[in-house]
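Order of writing sets the labels: A, B, C and D. Residues in every chain begin at 1.
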Amino acid sequence: MADRRAVGFGDPDGAPATDPPVAGVATSRQMLDDHAMAHLVPERSKRGHKGSFGKLLVVAGSLDYAGAAFLVCRAAGRAGAGLVTLAVPESLQPLFAAKVVEATTMALPEDDVEEVDPEPALAKILDHDHDALVIGPGLRPSLATADLLRLLLTTPDEPEEGWPEQPSEQAERERPRSVDASPVVLDAEALRTLASADAWWTRVGRRCVLTPHAGEFARLRAGSGHDPADDGDLNTDDDARARAAAAAAAEWKQVVVLKGARTVIADPDGRLAVAPFENPAMASGGTGDVLSGTIGALLAQGLDAFDAASLGVYLHGLAGDVVRDRIGDAGLLAGDLPDALPIGRRRLARLAERDRAGRRLGFGASREAGTADDEAGSTGADPGATTETGDQGGAS
Amino acid sequence: MADRRAVGFGDPDGAPATDPPVAGVATSRQMLDDHAMAHLVPERSKRGHKGSFGKLLVVAGSLDYAGAAFLVCRAAGRAGAGLVTLAVPESLQPLFAAKVVEATTMALPEDDVEEVDPEPALAKILDHDHDALVIGPGLRPSLATADLLRLLLTTPDEPEEGWPEQPSEQAERERPRSVDASPVVLDAEALRTLASADAWWTRVGRRCVLTPHAGEFARLRAGSGHDPADDGDLNTDDDARARAAAAAAAEWKQVVVLKGARTVIADPDGRLAVAPFENPAMASGGTGDVLSGTIGALLAQGLDAFDAASLGVYLHGLAGDVVRDRIGDAGLLAGDLPDALPIGRRRLARLAERDRAGRRLGFGASREAGTADDEAGSTGADPGATTETGDQGGAS
Amino acid sequence: MADRRAVGFGDPDGAPATDPPVAGVATSRQMLDDHAMAHLVPERSKRGHKGSFGKLLVVAGSLDYAGAAFLVCRAAGRAGAGLVTLAVPESLQPLFAAKVVEATTMALPEDDVEEVDPEPALAKILDHDHDALVIGPGLRPSLATADLLRLLLTTPDEPEEGWPEQPSEQAERERPRSVDASPVVLDAEALRTLASADAWWTRVGRRCVLTPHAGEFARLRAGSGHDPADDGDLNTDDDARARAAAAAAAEWKQVVVLKGARTVIADPDGRLAVAPFENPAMASGGTGDVLSGTIGALLAQGLDAFDAASLGVYLHGLAGDVVRDRIGDAGLLAGDLPDALPIGRRRLARLAERDRAGRRLGFGASREAGTADDEAGSTGADPGATTETGDQGGAS
Amino acid sequence: MADRRAVGFGDPDGAPATDPPVAGVATSRQMLDDHAMAHLVPERSKRGHKGSFGKLLVVAGSLDYAGAAFLVCRAAGRAGAGLVTLAVPESLQPLFAAKVVEATTMALPEDDVEEVDPEPALAKILDHDHDALVIGPGLRPSLATADLLRLLLTTPDEPEEGWPEQPSEQAERERPRSVDASPVVLDAEALRTLASADAWWTRVGRRCVLTPHAGEFARLRAGSGHDPADDGDLNTDDDARARAAAAAAAEWKQVVVLKGARTVIADPDGRLAVAPFENPAMASGGTGDVLSGTIGALLAQGLDAFDAASLGVYLHGLAGDVVRDRIGDAGLLAGDLPDALPIGRRRLARLAERDRAGRRLGFGASREAGTADDEAGSTGADPGATTETGDQGGAS
């Protein structure tokens, strides 16, 4: 488990700290930790049914990138979504139906092999009951994909043909965000599509979480008229990463997750969070798909976009640490991660319970830190074999 | 493991308790527990062969809901069925043949892609040797499916076209139930079909176990001419759930399993059982498919419908507790459950053995409760890694 | 683990015992045990390569019974075969290629969908280098299958059309068995085919192991002109089972494995062995496929037919006990067995080493029994999690 | 774990030893061990992303040998490659897309079913960003495959039609090796193709690692105009194996891995290494595919061809020992190996860290040997269940 104390910026106890303004944007930068994240874990009603815990619709996967869709769905299930549906071009449905177990699949109409027909595909998606969407992992680049994405993001704003002209600053500020439209995670091919769309952020009618890695982020910035070089080194300079993510979130009016070592989460309202994880085992194909499924599941469970993104990044990072503790710095396969997700969630849920118990007894949350770290140490065990003893001790 | 002592109604030692009559139906309501369930576990002859332990035929699955069929079959195998056969529309057989291992598959004739041809499909099903049926999980909604279901349920009653007119009370009471026809679990799409069929319960020629969740139950009740609102809150009001299930079982003359937290099992003869499980981890897509496969396997092993339903619900709940003990309140995938089913069965089988030994020595069953609970605690371990020591101690 | 001491017939230390002649056939009946089986385990040269350890060709599987072929192949690999090839009708190859990992697949020419063309299929099989064959599990019943089987069994005897007339006793006794033709395990559909072929045993040019369960055996006996009723109760009467298997082996001049609780293995030379296993968990679809793969792998490793059948039955039984110790009397899936096969093999290999060491030191094998049983107890652990300590102690 | 001390040649502490010249080639022969291999493990930057750790392109698999491609890809991921892409003939892509999870797939254009069209296939491969290639495991023998291989190996040397005439010694020595072309592992069908190509080694424009077993090696030698009989017994005579591999590497100007017990790795510059492993469990179909994927992943991570081959052979051997410790001398399936690869890598990485720490404190590497062997003993545990404690003790 990475030593998160040695990080050197942010408050190790997780209390939000106000950074000096960066690039003209006032932000409160928070280093994510167990205590900050514990209170975000959605409580799970004993009488809940599968509908209570969120329905996620996933638009992902292609013949070239079939595993991506599988990873999103499995991660979403392990992150607690009640129901997960995978929408794929009709001709690929048999392939994906053979690959998933708990997720259901849905055929999107095509006008050519593996090429969705955007309008009827949109209709089918909107007709399917869902609380959140994940769009992009492993999608095949094509005009049809781009059209479907545009329709999905601008609906219910009745978009005209093409991405619209950039509206005036005034119009943009007054643009109503549709409160009915379900929130959406945008990843991979969806991000590449946005990067080449003019001023996409001025017409998006949904709350989005964008999850670019440094390369995708640079393309998006370039598409917004910024020279990526001005953003600095987005792979290794943590301050540059924070500044750039904050600026992008402010401009795009969406939550931005800039992935990599020490992933940054930025909200358009100026909130800024940094995850403590630096795990080279995670630098492996498909780990991003697991992240988008995790965030999507949390959105479907009702979390706010910034909270879903923060907790999703944190649970994903904990899962990576669990696997690294087991196999080392190299050789992690993305498919290892979903099964490790519940370990972190349970740990945080227990911590939240103790914090509540502690507060009832008049103790502050910080009294619990030692206990939490002890438990963190024990998560190195094989998730399959771990049997943690109950927490009878509570806050005492 | 849920603390079943704290339940507060029903006898914690499992003895049936007679409730005051509810809604005019005299019922004996029983809270299921280890002791009550232990004696239902079918003994397993040392000389039995795969035919001895029941042949289950499963009509389930579609392209959209492929995993459902897989889950039913795997659960049935883990619940002890000797042979499991999955019947699917001919065009889907290759998909399902690739998905299962121990189950065999059977092609149902189609008159269109993924659309069964009801009459020849019926003939093929009846021609295939089986002791019980599961119908419905993941089936594709269609007129053909509805027709096939109608034919299956009314055979060997030589049904005419369409669901028949409601017969007189007198005729209904005297309607002979075919003793030859194998019993059937009706779930999911089968229940939705019944909900829109007129007075289906007056002509069904088989012993059925219906396994609706609250939403499916409400539709079935509406289809029987009741205002679901009169049944009260079927998600959270345990008394309302018991009353409604009992009334429905009495009207439909079939065993009704009203799923959810504290699942209710009602028999038309007035018996009523409640399972103690409230496990939010189970509120996840596909867990119902595992239940119908479990009940189907127990029917195939020769249990009476009410017993199969009760024990099936109980084993399913124990399996859920085993998984929750391992991963927590969220992130369970339905595919985790089948492998955990044998753990509960073995625990109950051992308890039954001790009870028998205890009785031989002059002790009552209640002496064993402490031991049983101790063992319950130990089932929290990974099923794959659990090695329980033998029971040399017996009842001493 | 079954208590094999309590069996009450046969020598518990594994020494062959001569039974009184049964039904006119002088037989030496042996209860299989660890010591008897240990010395059959083929030693594994440190410098061997995959060709050294046997090439097995499997003709199995169909759309209805796809899992059977998978189970045969996986069992064969776990039983130590160096290379396993699965031959299937051409149109099914993609399905099976997706299902297996270590086994390779081979397309058999068809003259209709899923219907092999016998002559070219035979040519392709004979052209493929192999040391042993398994034929039958999950094969689709058809004339073409029957033809292919006939061609395979009678080659290289240049068969004429149809199964030949019964030859004279004299001609039969003098019929040379082709020493070049590789031995073959006949199971399931292959047995059903033989049951309706006239005097098939008079023209078979290969050494065979037939693995019928009681029902298949009865059909074979009927096909040989015997009234199955004369054989007695083949499910529960151990003496009747032994007598019938011995008689059949003598008549058919092939090794007969009469499956079930206490499986009997009979050689045409009068040797008769009985396995001690009575495990109701094994009465589950697909366990027979695992057995035929296991025996096939041992034939490919060079064991004599009777030895391969005996050791195969024994390893299969040990694997079943390992799984039963883990999950109990019900709920075993056949797919659990292959991974448990190496546990038993290793245990026997170690015992053989100790016996050899003991003999060098002047002790008899019986000194080791206690140690072997202790180790048997420890195999109840999860095969995946078992780490047995080394045997540094040797025979001391 | 094999006792590598008993080997009797080479320095057990891993220091390279200069052998007397064999067959006129001066070689330094090294017995590989933990210390020698530890310093080859590529360090893993905490800030690396998936692109940092190498992109591997795999040209492998066919309908007959589908599992081979799966094994190469999975091994490559477990050996630390950041991204793995599997290129297959277009008509087979759906099959392989269903089989892999983390690897992506790529369709190679065909001019007949399962028959690649060499020129456009080459173009597509070269267009796909990659750091190393694996070519050959499970490829279908065909002229098209041979053509594609020839194009790939001679590019960017602008090959004319056919393999060229043997050039003069002089021309050969001066032939520039393209520094841009990514290195390639050649296995199985690729080796069989080379064996029938005239003087292929005179025109290959890439750094290659050839991984023949003794049979493939003999064919390659015959194709180079040598009588394989002159090479001696390549299965059992270690000196003959070393001599022949060294001679072949010198002639072909490529790294040669002569597989088998005590695998030999020879570099054209005269370096010669021998792996200590003699594990009969590894003599099983598909283990070679795991090796080529492992070496390919290390090439992609930037190791020199000889180092990648040596470390790949060593990690593969350690993984085999881990599995053998768990299941014994027989019954290993190649699919067991990839998940065991990270165990050895982590062990070596820790040893390298201690060596570095030891040197800082003034101790030599040999002080660490005892510790390393202790840890080796512990790798016998199930990789899934192993939880090694941290190395707080460091070099002290």
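Simple rule for what comes next: contacts are C-beta pairs under 8 Å (C-beta built on N, C-alpha and C of every residue); 3 or more make two chains touch, one makes a residue touch a chain.
Since we're looking at a predicted model, the values are computed, not measured.
Counting every residue number used by either copy at the chain B-chain C contact, under half are found in both chains.
Relative orientation of chain C and chain D, expressed as the C-alpha superposition rotation angle, is 90° to the nearest 5.
Centroid to centroid, with C-alpha atoms defining each point, chain A and chain D lie 37 Å apart. One inter-chain figure worth recording: chain B and chain D are separated by 53 Å, centre to centre, where each centre is the mean of the chain's CA atoms. Shown for chain B are the residues that touch two or more other chains, namely 98, 384-385. Across the complex, chain D meets chain C through its residues 63-67, 70-71, 95, 98-99, 213-214, 235-236, 260-261, 278-281, 283-287, 325-335, 380-382, 384-385. Contacts from chain D toward chain A in the complex involve residues 44-50, 52-53, 74, 77-84, 93-94, 97-98, 100-107, 341-343, 345-346, 349, 383-387.
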